[in-house]
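To keep things clear, I will list the structure first and then write my remarks on it.
So that you can tell them apart, the chains are marked A, B, C, D and E in the order they are listed, and the count of residues begins at 1 in each.
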Amino acid sequence: MEAVIDIQGLSKSFGSHEVLKDINFSVDKGEVVTIIGSSGSGKSTLLRCVNLLEKPSGGKIIFNGENILDNKHDVHQYRRNLGMVFQQFNLFNNHNVLGNCVVGQMKVLKRSKEEAEKIALKYLKVVGMDSFVNAKPRQLSGGQKQRVAIARALSMEPDVMLFDEPTSALDPEMVGEVLRVMKELAGTGLTMMIVTHEMEFAKEVSDRVVFMDKGVIAEEGPPERIFNEPTQERTKEFLKRTLKQ
Amino acid sequence: MEAVIDIQGLSKSFGSHEVLKDINFSVDKGEVVTIIGSSGSGKSTLLRCVNLLEKPSGGKIIFNGENILDNKHDVHQYRRNLGMVFQQFNLFNNHNVLGNCVVGQMKVLKRSKEEAEKIALKYLKVVGMDSFVNAKPRQLSGGQKQRVAIARALSMEPDVMLFDEPTSALDPEMVGEVLRVMKELAGTGLTMMIVTHEMEFAKEVSDRVVFMDKGVIAEEGPPERIFNEPTQERTKEFLKRTLKQ
Amino acid sequence: GTSDSAGSGDSSGESDQFRIGLEAGYAPFNWTQMDDANAGVKIDGNAEFAGGYDVEIAKKIAEGLGKELVIVKTEWDGLVPSLNSDKIDAIVAGMSPTAERKESIDFSDNYYKSDLVMVVKKGGDFENATSIQDFNGAKVTAQLNTFHYSVIEQIDGVSQQPAMDSFPAMRVALESGIIDGYVSERPEGVSASAANENFTMVEFTKGFETSEDDTAIAVGLKKDSDLTEKINEILAGISEEERIEIMDAAIENQPAAE
Amino acid sequence: MTLEWIFRIVEQYWPMFLRGAGVTLLIALIGTVLGGLIGLLAGIVRTIPTPERGLKKIGLKLINIVLSIYIEFFRGTPMIVQAMVIFYGAALAFGYHMNPIIAGVVIVSINTGAYMAEIVRGGIISVDKGQYEASQAIGMNHIQTMMNVVLPQVIRNILPATGNQFIINIKDTAVLSVISISELFFVTKTIAGNNYRYFEAFFVVCILYFIMTYTITLILRYVERRLDGPDNYVIAANPMDTAEDIKRKTQGM
Amino acid sequence: MTLEWIFRIVEQYWPMFLRGAGVTLLIALIGTVLGGLIGLLAGIVRTIPTPERGLKKIGLKLINIVLSIYIEFFRGTPMIVQAMVIFYGAALAFGYHMNPIIAGVVIVSINTGAYMAEIVRGGIISVDKGQYEASQAIGMNHIQTMMNVVLPQVIRNILPATGNQFIINIKDTAVLSVISISELFFVTKTIAGNNYRYFEAFFVVCILYFIMTYTITLILRYVERRLDGPDNYVIAANPMDTAEDIKRKTQGM
């Protein structure tokens, strides 16, 4: 299958602090890749590098055959293909729930107001937030914010979704629901990169699991193999502590 | 055993929107109560009412035999007995990691700088953040922030800890570690109210589980009973979806 | 300095100081200089010295009163309030004893009288005017709230421009061609044309009709001040020739003439 | 100061006072609005992320330098001097005689713009960086991000400082009398000079200033409350629908 | 305007210019600092949560009303009028003769305080509410919260607007000549009046103003960078320690 995103030798430093080191991996069209690893291992930074919110210190990101780190590349055009759900949600404070899901569609995708609202409502319904269209972000609970953030990203109908812990604030029931939606989306050919701490979730949803440790990819493979027969010492230790919990 | 916090007929409305309705329950000294329930059911609001960050619309909160909703009561004095870990962490942006854990001790508890730093480092070590003392909140990953928030609350050495999803941003391994610390703390007589979405965690850590649904306590009891033989229809449904996930 | 600061002294009549207020920026009546050349007087609470026609007259008054002269440098708008709040004993600042001013303060007898002139551009259409009527059609203005402005309407067919806030503004306006001339008094006109080669002063053989109150200048005093009488006596002792002499010396000594 | 004189002055000169106040308000209002727009524009430009490419980078750098010079120059020199240089300078250099009111509006706007640019900068700093990133992540370009997400939040935060600026403008227009604009302060000086009732005339003008500035304060407070929106929100369908209910309802989807 | 005259004026009068600039800078500096403190204090007071208890509630309400009157009154009236009322009024009414410089500092501080109070209000609005709540939750009272958590963040955000205020003060001290203060602008008018070289004298003063304001800008920018701290942080022990390592190390605890 064809790689949508191909990351080659990616590295990222904050000052002298090297957070990502020589990351190599690719994601195929329609594939669901989950990224696991301990806190601070660079998972969020990796996602942020992929959509260029952080400027990588080195390496290449090949998207549809082009290196988007090339200077000639239009960043905004590229980002339209990617949706992102942030770990901190980052809902637009000056818009209500509906506005959060509509503004990008209208301004970036130039959809009409009616169309944008129809699509927004569709995805708000999926996450169970359609009755809160009028609420401002500050009036929402943690889980509600996260669901709106998911709906906002989905409303843009991107090719690739980057989820940074999309279920951290959700109750298990909602996690199940989101899982169901994601599977549906994966079925429609949506490519996904998901950072998660929920191993069950990772097992269930992913085609491939990437285990990150201290800024490098320690191991990757299909979930069955990673979870049942990890080859690396670090992975084993991480999973041991995790699973016996 | 004696109740530390006794909540009687507590209610809370935002405008016409009633978020908590006639909540009654009490927490004994040294007890660990977990609060579960779906997103938006009022769990965070309940915790926020307990430490008066939200003013309850009605009811009583009896702490050590006194109704702290009485006008005569000194709110700040009362809050010193409570520690809180926020769902959104709310680290002080103008302090570094150490400063976050030290400022309250020095200003509120009037501890000396040396003592405060010693205690802060002790708890930062517990959450594995002692090597990040110089980092500013904006330089931390999600899980790192959450761990600092936990250390900050613990540094105040309160009688009662209110945790709002203390493990949402933690990797499973860290969750295990935090769990271990909490159990230790519970052993020392610390009382805890924990909102969580992780049923495993709730099962393992709590003496009692409270299930909230649409602003009311639908059911409460020891974890074994709630998880294995729930009596309420709503609880059953919530757990069914949850557990089969 | 004579006292440590301008406001600290108690300036009641019993003191041995004669405190006068002026702008020290209205040459040749009064100006500021860096040293005590030409018998300049130290400005209170300030490192500089004041000189000019007003200062010379004030010296004579102080001498006559047997008091030490203290000069308080104050913005024009602050002079009357300073006098009325006893921060100074007198205003000796080229101030005309107009009827309106007389409502809030008293004046001594006049100690100078000047004629109105028109300051125009050298080499311009109006350089050789002799009558105010020669300014028919000219764009003329004067300083706000002065009688200079109200006499402009005596010129037939004049294009009277809005009054301006200050002499500097008028000089800029004249230089830039926004106006053709401004009404002024002789000492200012002499000085302006001496200082700026582009300006010249038109003196009229057939000039403006003015009232004595407007063209003369006098010492401003607090209402019912017991100084008024004494100062009038002293001023009476300064002859017309002596005044002209002092003014000529002032025009000659003023900083711009260097 | 007598009450009688105050009434006499008001009675006799109220049309002059009103016209003066009108001119002042007009210049200050247009000046603040245009200045605010300049400030926001400067904010947009100054936050453009530095491009990689050589030429664009140099271009942006140049624009930023020009912007800095503009801000420092107009904040750094007195408005009265700017007014004289622009008004008389234009006449002197090009023989171009501007309409004084238009010149006044231009000067006040440019001047306010320099101050507003700094106020906006402070406002942008205080908006959470996550807001910018979230907009970028859904593909907005810099201008879209600023227009739709960042600046609306900035505007709300800098409203109090903008109110200050408006009030400062109302009072600072006084220096425009130097270019023959009959604004309120100059009118008052004229009236005072007519009567030599300085105290009374300035008392009246103080009250007029106060009325203008206080009205502005009230209007801005109202705008602030409007921007904050209701503390409450309306739940579209049934109140207290939680996830389950909605799921049940939308199961068919 | 000739270069020759500029040099002559500077040569002859530089000590006067310098002394005038010194007075201006002194008053503006102290005025801005004190005004800033007043503004922060007003910010603390205005954000005190309304107490439940009757008497305290009324007391707070009263204080807030007084504060509003202060702000609206001093923003709403020209500083020159305030200066005259305070300076000459004190002498007239109580026979109390203030030192003009002290009077000037007092007036500028009070005036700046009224503006800063609004700027601080904008700054407080823009600090995330969670910061306030987190401080409250660890038992800080209102003042501790404001001093240790909220205001430090506010100060950083309002620094650009404070720079504006400083610059405005430098220029606005000009009106204090009415109470016999020989500040820079008055000094310049004097020099211009002496020589009839208005263009040259005002050119010099513009340059002096510019030097002062630009220096302030540079200092404030430096302070901003200092407050922001390094973009990087030093990891205390080994770099790239992640949770496991530390856990391993601290297992013995």
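One rule holds in what follows: a contact is a pair of C-beta atoms (placed from the backbone, for glycine too) under 8 Å apart; a residue touches a chain by one contact, two chains touch by 3 or more.
Predicted, not measured: the structure shown is a model, and the values here were computed from it.
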| item | value |
| --- | --- |
| Common touching chains of chain E and chain C | D |
| B-E or C-D - the one linked by more C-beta pairs in contact | B-E |
| Farthest chain (mean CA position) relative to chain D | B |
| Whole-Å gap separating chain A and chain D, where each centre is the average of the chain's CA atoms | 41 |
| CA centroid of chain A to CA centroid of chain E, Å | 46 |
| Geometric centre distance via CA averages, chain C-chain B, whole Å | 79 |
| Touching two or more other chains - residues of chain A | 14, 38-40, 88, 139, 143, 171, 173-174, 238 |
| Numbers and ranges of chain D residues touching at least 2 other chains | 128, 156, 233, 235, 242-244 |
| Interface hub residues of chain C, defined as touching at least two other chains | 172 |
| Contact footprint of chain E on chain D as seen in their complex | 72-73, 75-79, 81, 115, 118-119, 121-123, 125-128, 156-161, 163-164, 167-168, 171, 174, 185, 202, 206, 209-210, 213-214, 217 |
| Contact footprint of chain C on chain D as seen in their complex | 84, 88-89, 91-92, 95, 97, 177-178, 180, 182, 186, 189-190, 192-196, 198 |
| Touching residues (chain side chain A, partner chain B) in the complex | 14, 36-40, 43-45, 87-88, 139-144, 147, 164-165, 168-176, 179, 197-200, 204, 238, 241-243, 245 |
| Footprint of chain E on chain B - complex, ascending | 51, 53, 71, 76-77, 79-80, 82-84, 86, 88, 90-96, 103-104, 107-109, 125-126, 128-136, 139, 143, 152-153, 156, 171, 173-174, 177 |
| Chain E-touching residues of chain C, taken from the complex the two chains share | 5-10, 23-27, 31-34, 43, 45-48, 72-75, 77-78, 81-82, 84-87, 167-168, 171-172, 191-192, 194-196, 254-256 |
